[in-house]
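First chain written, first letter: the chains are A, B, C and D, and each begins at residue 1.
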Amino acid sequence: MAKPSIAILTSGGDAPGMNAAVRAAVRAGLNADVDVYGVRCGYQGLIDDDFIPMDAKSVSHIINQGGTTLLSARCEDFRTEAGRATAAENLKKRNIKGLVVIGGDGSFTGALKIAQEHGISVVGVPATIDNDIYGTDFTIGFDTAVNTVMEAVDKIDDTAESHNRLFFIEVMGRDAGFIALHAGMASGCSEILIPEEETDVKYLVSRLNDLHSRGKRSMIVMVAEGDQCGGVFKLARQTEDALKDMQVRVTVLGHLQRGGSPTCADRVLACRLGVAAVEKLLQGVGGVMVGTRNQQVVTTSLAEAIEKKSKPDEDMIRVAHTITY
Amino acid sequence: MAKPSIAILTSGGDAPGMNAAVRAAVRAGLNADVDVYGVRCGYQGLIDDDFIPMDAKSVSHIINQGGTTLLSARCEDFRTEAGRATAAENLKKRNIKGLVVIGGDGSFTGALKIAQEHGISVVGVPATIDNDIYGTDFTIGFDTAVNTVMEAVDKIDDTAESHNRLFFIEVMGRDAGFIALHAGMASGCSEILIPEEETDVKYLVSRLNDLHSRGKRSMIVMVAEGDQCGGVFKLARQTEDALKDMQVRVTVLGHLQRGGSPTCADRVLACRLGVAAVEKLLQGVGGVMVGTRNQQVVTTSLAEAIEKKSKPDEDMIRVAHTITY
Amino acid sequence: MAKPSIAILTSGGDAPGMNAAVRAAVRAGLNADVDVYGVRCGYQGLIDDDFIPMDAKSVSHIINQGGTTLLSARCEDFRTEAGRATAAENLKKRNIKGLVVIGGDGSFTGALKIAQEHGISVVGVPATIDNDIYGTDFTIGFDTAVNTVMEAVDKIDDTAESHNRLFFIEVMGRDAGFIALHAGMASGCSEILIPEEETDVKYLVSRLNDLHSRGKRSMIVMVAEGDQCGGVFKLARQTEDALKDMQVRVTVLGHLQRGGSPTCADRVLACRLGVAAVEKLLQGVGGVMVGTRNQQVVTTSLAEAIEKKSKPDEDMIRVAHTITY
Amino acid sequence: MAKPSIAILTSGGDAPGMNAAVRAAVRAGLNADVDVYGVRCGYQGLIDDDFIPMDAKSVSHIINQGGTTLLSARCEDFRTEAGRATAAENLKKRNIKGLVVIGGDGSFTGALKIAQEHGISVVGVPATIDNDIYGTDFTIGFDTAVNTVMEAVDKIDDTAESHNRLFFIEVMGRDAGFIALHAGMASGCSEILIPEEETDVKYLVSRLNDLHSRGKRSMIVMVAEGDQCGGVFKLARQTEDALKDMQVRVTVLGHLQRGGSPTCADRVLACRLGVAAVEKLLQGVGGVMVGTRNQQVVTTSLAEAIEKKSKPDEDMIRVAHTITY
């Protein structure tokens, strides 16, 4: 009889720490004497039968690499029943009983479907820089992204301060303000605009003018991509007349926020969740996402993880407003 | 009648994020319309009457700086009743009702004494790279320190891998293995030696030889300063004969672990705890340390924070052993 | 008789290493027993009489800071004869015989005028991230900027590779391609578009399609701001149909390129040129810019430094094209 | 008739940028339509016949990696005539006419011997963090190493300043003071001890006490490994009584100085020299080392590169002493 096997894939937008999660899952599987396959390009590889047998060395020296060495891709075919049937067949012919899906909630939707339709045990590992997945305190990649943003803003602050300027800086977060809130607080921004709070441009202008009149030389306003203000270019156009004593500048940080060597916290989280995902599969548990709550590994049903959204902490938002100047 | 006032000091070994905590406490005090003093050189400044009135600008552009701009120092005099009486007098003559002490458990001992003897309200803010303070999930400075260690080990790993070498790397942690455990897991170390676990040098040697015989080209063993092995130099001498196929090298990372611009997580934690400390004082709460548990601000009595110790999570230790190779 | 004095200012766009140059100039002046003044906000401070007496401590711990602690500003008044007359008066009343101007060629134009009109000895120190000043191998700030760009592109490359994408990345360099050329070569970009070379968009498209068809998964094209293609957004629109197999993404790195703690090379260059500027003044030499050629300090007349432009090395350009893939 | 071929190896201590040089040499060879082999583990691989055919992809995404993916090793056998004969045979059987040796002067000695004894064309590429190779302004790896040291000292300076301490920091440089001189100047060290200058411990002590008495709170003394003082531990023991008002601390930076992702300058230098080495071979030039002088690629005979030593610039040393405080 063939040994039981598991497969691992990364899906959706890449996030720093995905490689650390793959490595941990591979090592945990091998240590439990299970055959482990890596699937390339996410669900596309499941359908295209792009499986790689993994040994301990296959994941050496990837813990510190950004992106995903298993690659990722969008996959329209997996949205079809036929596509998922092909994928399931490719898994079954290798005696793969369990699948680890490392990605965001979009990826979990596909995972839930193949689990329900074909009886594949699937465990999700939350990895996205946006941090908006329900069922975990933090997602893999978030800590790296906020540090990347903070370091970029620290650099911009050098030049803002030297020149008496106001910067509007746009960061990722189409649906959630986590990145803006954490990185904005950490880089001492004067204001932070997030989708979770209503944005009042008039109030913003009066607040910035007030700070300026109190002698504040430079100011940075951090804006989440998904904020109602409609983006930093629009915001700058709307406000620059009213802010006429200041030189207004705009920066959109862009894709550099997704990359980079993962931070310690992201690597540690990835190690823990990668191991936990495999352990759950080996215990016969499927249809769940692993996460951490209060420093402990917990599971949430995939359905719940997909349906609910994580929200920034109210107290964090209050503190952010308390200490700006 | 004079306005109520508060004072803020940093004490003990410096930790990245202390400045962010000072800034947050100052801003929170000013926003509550309280006079705020900074005390230079920790308890020594209390005794020497080295107080600086703080305004919002006085803490501008320090959120990203390592060390402590308020300075720190050991203070023998504060261990005496006379010293503490002088300190209390200096506080009282400025109508200072509350004192924020940012530091480690050694610093909290002094804080508790002046609170008990002179009725000063004191709130402690846990800041030490060692992370071993009871009453908080993390201490300010820990996240920066583990990232510093991890980045150093990533560099050493380049050269280890290029040359087929075994490195013993010693990191800070006289009493606790947090730094070694987190940074060791995150940098993919082959073994991690911490004071909380018994160290069996014979087993270590056989494990390393086993990994070597399975083709592992380079290995790094991370050793907490306080591990029973007695330090990396002793460990290298004890093992190098038994590890004779490998070139053994030793590095003690040293004081660079204490410095550096704080990470996002340390700055956010410092912002939250700095604000919380002042809010507690203004609510009339004293004799406590503020910390976070499960992402929420909590308080612990100073007596408890001093007496108990925080321990690394058992599951973390298990995971660290599971994924090494 | 009053001691001789010198004054130091930073002008124009800020560049990492300006503070290191100020520090070196201040220390060199003090070591030669000369009174040293710092002038705030560039030429504006000369006119507004905003002078600060500098001692050795006044420049402590600024060597590693980005931006300029002496601040910088545009100054329309200094373009007028009346403005320069006021400035000269403010210098003369303090017995200041020599002025160190740290900035770009725009700043040197003002320096040359006040020298010619009012007999002030002026020495220029070339500091701009653009590196396009004649008379020196490198300008202060360039090395930091190219490392900042390279590190950002390294991060973007993680995500490009994970997702099979083509990125157009725009970097600073309105008149010169130095930043794009050095950082583009160093980050392994597939193509580099600079103002010094004609850009043929059709050729670019065929070249990228060719690389793609040979199996190259991700590609990055670095574009200097001043390239004839007219910016990355226009370039993306023009090419995306012809590049239809690839997902095209655009990033404008923006102002983070100006900031950051200076690199070792920028700090060393700033130390050398800051000292050299003061030594020239004390030797009675004025009307020149200091720079380095072949690792040695050299001087160029300000007139020549203003008139001529530095160009990227032909061999560098050839090598950049040789190794792309 | 077989195509002409070239081979590339890295040898001696690894240095950041070796991978970038390998990549450039491989790409330059392939672009010239030559077969290219990588040799693993330096000269050991030549003898052991450990050759890998290289294509353009084989060097993708290594430009930013520290260490050497071709690996390095000491090789006693290559010091023997028999060893070199075997190596030459392995080269000849693949029709390899030219060999690129990336390493330090020790590696060039072997290169010269195999060239002289067996008529192999060899071109050396100087790569060592020590920068002490004659025939080039800078060696590959030096710029990265000095930035690594500088960043570590910046961190230590945070804690030194917070606590009123004196640090002796030892950096690499057994024979040469380049690292200490550049990184020491760039991190604002109070004193820099290098083998090229006589060290007078008594003078050092009086100078440090003098600075201390003038109010300098923290001091860092950078010591090159090869300085006559005999290392930082000995220096600390010798001086701590005489420096009794200061807390003396010692740090040996160690092997982290060798690793890390190469800086822009190191990558650019590696690109240029990797290409130049192959171009020289294809032009029929051998027995030389390529380097840069005054930003231009130059060649030096291997014999001369081995015999002579590069020395720190006198003016640099003078400037370093001028601006310390």
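In this text, a residue touches a chain if its C-beta (ideal position, glycine included) is under 8 Å from a C-beta of that chain, and two chains touch if they have at least 3 such contacts.
Chain labels with UniProt names: A, B, C, D = ATP-dependent 6-phosphofructokinase.
Please read all numbers here as calculations on a predicted model, not as lab measurements.
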Smallest number of contact steps required from chain B to reach chain D: 1
Message: As a test of understanding: of all chains, whose mean C-alpha position lies farthest from that of chain B?
response: C
Statement: dist(centroid_CA(chain B), centroid_CA(chain C)) in Å evaluates to 39
Task: Please compute the C-alpha centroid of chain A, do the same for chain B, then give the distance between them in whole Å.
output: 28
- request: Can you tell me which residues of chain B touch two or more of the remaining chains?
  value: 154, 157, 161
Message: If I apply the definition of touch given earlier, which pairs of chains qualify?
response: A-B, A-C, B-D, C-D
- prompt: chain D touches which residues of chain C in the complex?
  reply: 20, 23-24, 27-28, 31, 56-57, 60-61, 63-64, 137, 143, 146-147, 149-150, 154, 157, 161, 182-183, 185-188, 214-215, 261, 263-265, 267-268, 271-272, 274-275, 293-297, 313, 315-316, 319-320, 322-325
Query: Quick one: in the complex, what on chain C touches chain A?
result: 10, 13-14, 16, 65-68, 71-73, 148, 152, 154-164, 167, 249-256, 258-260
